[in-house]
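Here the chain labels run A, B, C, D, E and F in written order, and each chain numbers its own residues starting at 1.
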Amino acid sequence: MSTMAFLKRSPWILHYDASSCNGCDIEVLACLTPLYDVERFGIINTGNPKHADILMITGGINELNRAVVRNLYEQMPEPKVVVAIGICAATGGIFRECYNIAGGVDKVIPVDVYVPGCAARPEMIIDGVVAALSILEEKRAKMTGAAQIKDDARHAAGEST
Amino acid sequence: MPERIVVPFGPQHPVLPEPIHLDLVLEDETVVEAIPSIGYIHRGLERLIEKREFTEYVYVAERICGICSFMHALCYSQGIEEIMKIEVPDRARYLRTIWSECSRLHSHLLWLGLFADGMGFENLFMRSWQLRESVLDVLEDTTGGRVIQGTCKIGGVRRDIGAEKLAEMHRALDPFEEQCRNLGDVFLNDETVKYRLQDLGVISKDEAYALGAAGPTARGSGVAIDHRETGYAAYGDLGFKPVVETAGDCYARCAVRVKEVYASIDLIRRAISEMPEGPLDVKVKGAPDGEYFSRVEQPRGEVVHYLRGNGTKHLARARIRTSTLANIPPLVKMLPGAQLADVPVVVLSIDPCISCTER
Amino acid sequence: MGIFQMTKTVLRNLAGGPATRQYPAVPARTGPLTRGHVVFDPATCRSCSLCSKRCPCEAIRLDKEAKVWEIDRMRCIACGDCVEGCPFGSLTMEPEYFAPVVEHVVERYTITYVKPEKPAKKPVDESAGA
Amino acid sequence: MQTLLFLIVFPILVACLLLFVKRTTIRYAVVALSALAIGGASIYLLMRYAFEGAVYFAAPSGAIDLAMVAIEMGLALFIIYMGAKFRNYLAILLAVIQAALVVYLEMTFSGSLHAANNLFIDQFSIIMALIIGLIGSLIAVYAVRYMETYHHHHPEVRDRQTFFFFVTFVFLAAMFGLVFSNNLMWLFFFWEITTISSFLLIGYSETEEATKNAFRALVMNLLGGVAFVVAIVLLAATEPTSGGIDLARVLASPDAAVVLIPVVLIGFAGITKAALMPFSSWLLGAMVAPTPVSALLHSSTMVKAGVYILVRFSPVFAGTFAGFSIGLVGGVTFLVASAIAISRSDAKSVLAYSTIANLGLIAACAGVGTYMLVWAAILLIVFHAVAKALLFLGTGVIEQRTGSRNIEDMEGLIVRMPKMAVMMFIGIAGMFLAPFGMLISKWAAIEAFVQVPFGLIFIAILAYGSAVTVFFWAKWMGKLVTVTQNTERVEKGFFEESWAPLYIITGLVIAAVFLFPVISSMLIEPYVLAIYGVTAHLADANVAIMLLMMALLLILPVSFLLFKRTARHLPAYMGGRPATPDLHFAGSLGLTREAQTRNYYLTEYFGEAKLFRPGAAVCIVLILVSWILAGVAL
Amino acid sequence: MNWLIGAVLFLILAPIAGGLIAGIDRKITARMQGRVGPPLLQPFYDVGKLFEKERAVVTTAQNFYVLAYLIFIALSGALFFAGGDLLLIVFAFTLAHVFLVLGAYAVHSPYSHIGAERELIQVMAYEPMIILAAVGFYMVSGSFYVTEIAATTVPAILYLPGVFLGFAVILTIKLRKSPFDISTSHHAHQEIVKGITTEFSGSTLAQVEIAHWYENVFLLGFVFLFFAWNPVIGVVAVAITYLAEIFVDNVTARARWQAALKSGWLATLLGIANLAILSYMMLGGA
Amino acid sequence: MTVNEEQTTIGVALEDLMREVEGLQTGGYRLVQIGCTDIGGAYEVNYSFDKGYQFRNLRLTVGPETEVPSISGIYWGAFVYENEMHDLFGIPVAGINIDFKGTFIKTAEKYPFSVTRRGGDRCRNA
């Protein structure tokens, strides 16, 4: 059981455009580029849920992407956090009242950090990731803790039989 | 005899930032069938017109898409102005032109970056987006928003650009152009880029026209349609010629955009030097009654806002047909025969903007 | 000859050093017009409700009776329309962004403006959270 | 000598007995017991003669010679009859030419048509005998059950199983005869028997295609046969210097130039029988036959006769340009056939091309013929025989069980037929992975070619060829190991007995790696030493490393236990689209589609249509060149 | 006992060296792109992180193959640094890759399979050149043993410039660098998601990464052999070669598989031409 | 050089639609868009064409259930608009070359723009 917490130093993100207007979307991408360079923090945009630790979603939930968002979330190994980028992802934003928008991302999966803004700006997105890191770390601690408990239980069971 | 491979491509896919899905049928890696399907971003904002007054709807129109948000606001505003017979002040027309072209610049640079990313040329992506940031800085300094400008309104614009700022922008144009030309050289001359782009996804001139292709997709095939030729905003005063390439392949579409970057810089330069003085807007009274198909040349081609007022504060109908929707039929024709590795390149070559396509 | 066209850029990048803006060590770049977040001054608001009417996102709610002015930060698109529309200058657009949060935030203010001849200005009870 | 005679005669007796056995169970008993006897006898042979070097036996001739000629005439008549029946006049023509030549030979050179010793045995023959006796007879055992099911699946095919097993055992007998003969006339006799046997077996199902392919095999082999007789005529005509028809004397002939032409002709016969290009098509066509036939033809008999003869004569080829160009025929065949294998999805077709490729490689070694290369060639023969037999038999089982022998349909075999999949896995690994035999042999070949003048050509061929080989085997392996969901197991219920030969052969593939140093030092090295006076062997350190690798491979699966515990199972990545575990997803146009994973066949580069003709053309030219060079040498 | 020391040192030090090289690589790449880039130790953080993640698999079998991949990559590297037979090392190396490919095949997933096919195409593209390079060393030093090749006093590079160039081409494939990062890529997004590693996560992915470190050190060792007659020049040459690879990575678009295959095979032809001339000279000289 | 844009709208009867469209096609017009408007109980379908920035609009008025023929035989690319027409308005279109069968744009509420759509909540402040 390590206490090293590498997780905080190597958060890999998966970005999904739920139903954003592209505004927040391109700002997420802009984070990768030389001026913001989030790789400074060890962040890599993996594009593959199996490799990701942070799910960044822009845009609200609509009829079709509901299942996609859930699917992507489920494909990510624990521990993982969800960062909702932009007010669309928080509440549906300006499109909140559209017939095809069910609301923010939290309608489908638990959201850990909301980054407000329309569009959210690269700096805010960086702040959002930083906020997510401590939550990620908490979840990891809880996870190893749980595993430890399970392990102990197994040992106890093993000894008693 | 190759076997058929069926691959679900998207909606989530690292190369395509927006959700579009393709059912790819491949033989080895050659595409034999690619049926696209969309709908992941459909919000239904056309009906939001029922809930927003026509003046407020500009904010919605801007958020049809965050990349050419200004163009949507412009197209919408021009449509309403046409219906309401509003004469926009000259300075506003020029400012609109400058912001339009800044949007085109940042959009094309963004696209060039994504395109490079699609080809697996990471450094080129980085470089394109680095240059794009200078445009965004200008946009932020002059409008207050990097990607959503919020300066266009019915009857004019909400903000002015001061003389000092204009002069500063003008000074910055030359070095910026040089950087862009260096970047363009890579896209146009690098052998590995050429190898990836030439003879790929070819659409002939006749085909492009018959399929209703728009924007660089049409112009890359030699079809000279560019709505700026109709002289809306200040384009009529500035003189404008569409950029046209004839090969009809991905390289040609890329070349059109590269050269449009240069052209945009030129337009901004001229707009700044010919900037008239005067008011920024006129007061809007009453409500629109009538209909108009407002058309504007976006980075991706012509967008059509069909607006229909009924004399109340709420329009009866706003229908937005964007360039990407028009470019989907050509895309369907381009894909078969390409390699799997080319799929993102071909898809990106029409510069798909799903957000506005699905509204 | 067309091979390695990118060389120039690479060399320039190596020589020139990174272009990165070292956020957060260096504060975020903003301009005077930058639309960050809306700030409300409860001392001057006269409850005219123009802001709430103009807001395209229904982010502002005003309860004239209870003298409560609320802004839902998770709805505001920072368009600035309310700021432009407020006839009393009670709203300003600050260039700093509203920081990321872990829960929805609705800011609620009690309007302290008092109609009488001499408007007393004292900010009271500012509570965040929902 | 009794053992030798036993191995030749006993299968014939069994064959005759089997003509009268109609019940499968009894047939199984007979075949299994005779297999035991034959296998036992070949192992006895090993123990008896392994340390003795070449031993010659003056077997009785005279009457036997006459009988042989009589049988040959009879066979010629049979071919003429069949040719007339199926209107294949080329076969008739070749049979007539051949018969005429034999008659001419007997009439003109009867004086020089005797060998001091008709039979002999040395380490190389022992190896061949082991292959025939163990692998061949195991295939025969397997065939009993297979053929029963075969007729169950193909009611339209006339049930001629008694005949089938008769021919099979005659075939084995002929193979034994072939590798024990010191008299070239005898050798030729057995050679012809194998031709006819394979003709009969390929045409077993009597369909139009089978008949056509059987005739193609016949014609090509007869062509080789004609060359063989011509060679014998030449040898007989130059008896004093060439050594006549006595194999040992020919090999030791003082006048290499004289024997070169006949040996090149015999080499040509070997090329046809070993199905090198341009004669590969007969072996490919032979796929129409029931799978045990393919297994026989590819692993232990027929084509092995072809390369046997090439390797036998390789001391004559060594250092000659004629030999070098025969080697090149092999090399080109190796490269082209390996490449074509990439584009095939039919398992038997892949196996066939791989056989052709490996025979090509053996021929390349034999043609160039340095001591190291001969050493490598014999290694190749051994390892190829075991692994290929396993693969063919496995493919047969899979086909009978799943109804398809397409590699794509073997996807998920590890779930559906785990035991079979593991055996196939081992078989395939045996074909191209370190530390299995085929790879060791290739490695040896590379080390050997480095030291040959112009060996660089072969190095290049080997480098490209083995890369290509990795591609097509690994992708097949990949299909086997894919863990598919929701597929039922279909392994149970298969005739349990037919697993026995598979288990044994699988064991042999693995054992071959561990026994390889023994095989090499006990059989191959002494043989090479006897002929060349020097011998090759692998460095001890390398042998140790290989054994270590093998041990690692065997231990690794144990690590499986480590993974079982805590892992959470996720569905496969489908672009975010919700999908079922068996990969059905919501596609465009409102259709539900299934994601399909298929191998690549790269037909654009490696298609049969693209490569076969050029390859064949090059080989024809090379064969002609070899004749011309042989002529020039004279 | 020298050989044992070499092997053990490799097994212990190679991951450290490999991780550092990866860190330097990422830093330099970032600088070439005008960025700051990650901390030098980032690769270790990444791998550490991966070990902290939950074990998630599509099928348990995938882990088995990846472990085998790691073991055999380490083994071939260890054999190399123990001074073993180059050909045997090359074959062990191929075996390792086949395991990686099988790991991807084991998962019934379209992207994984496409990655596997592409990896095999890559193997097909580079294998001839590696074999040829080994043969080249034999022709120069008269031995296939790394110990003896390394001990030769002749500068191999002077005899084998074509082979070295050819090897540099396939080195690009092996280091998974653009233009030949077709089966999986360390950066820039790819049409096949992550190709061969799409379905690997957590510690399994970490093992792939560690194997890659081993592999890189081994490959650089291979490069060193060309310059082995002078260790100083050798080390410098290795560094320059690696820098050149990073540079090429940053100035090219990704190629299609056809180009990867053709380049690999053309590189081999270059090597063959080199060896042909060499053997002609040796024949002539003899 | 600035071209003046002109927009003309011509009403067209259902039975003349195909003929008119073919006429425009032979006349060298390109298809710009097809769009619908709910005019209360019926739909207006606008087929918009353009040639040298001269905008021509064929306007078809149909009842809610009337089947409209597809023009995708004449303009191949029309399928995107026609599928949209079906999915958003519920207008049946016959014979589309690539028929998504109602899956082109999937919506939470079926035919969100149809004349029969529920509610008349035109005011958000109700």
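Convention: contacts are C-beta pairs under 8 Å (C-beta built on N, C-alpha and C of every residue); 3 or more make two chains touch, one makes a residue touch a chain.
This one's a predicted model, so the numbers in the text were calculated from it and none came from an experiment.
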Looking at the contacts, which chains touch subunit A and subunit C alike?
B, E
Contact tally winner between A-F and A-E is A-E
Reference subunit A; chain at largest CA-centroid distance
D
Maximum centroid distance from subunit E, chain identifier (CA atoms):
F
What chain sits nearest the middle when you go by CA atom centres?
E
Between the Cα centroids of subunit A and subunit B the separation in whole angstrom comes to 30
Distance from subunit E to subunit D - Cα centre to Cα centre, in angstrom
36
In whole angstrom, how far does the Cα centroid of subunit B sit from the Cα centroid of subunit D?
65
When the C-alpha atoms of subunit D and subunit F are each averaged to a single point, how far apart are the two points in Å?
69
What are the residue numbers in subunit F that touch two or more other chains?
98, 100, 103, 106-107, 112, 124
Sites on subunit D at which at least two other chains make contact
566, 568, 570-571, 573-577, 588-589, 595-600, 602
Going through subunit C residue by residue, note those that touch at least 2 other chains and give them in order.
4-6, 10, 18-20, 56, 58, 77, 79
Which chain pairs touch, all of them:
A-B, A-C, A-D, A-E, A-F, B-C, B-D, B-E, B-F, C-E, D-E, D-F
Touching residues of subunit E toward subunit C in the complex: what are they?
30-37, 247, 250-252
Residue set of subunit D touching subunit F in the complex reads 588-590
Subunit A residues within the subunit C interface of the complex
34-37, 40, 83, 87, 90-91, 93-94, 96, 104, 112-118, 121-124, 126-128, 130-131, 135
What residues of subunit E sit close enough to touch subunit B in their complex?
32-35, 110-111, 114, 178-179, 181-182, 185, 187-193, 250-259
Which part of subunit D faces subunit A closely enough to touch in the complex?
566, 568, 570-571, 573-574, 576-578
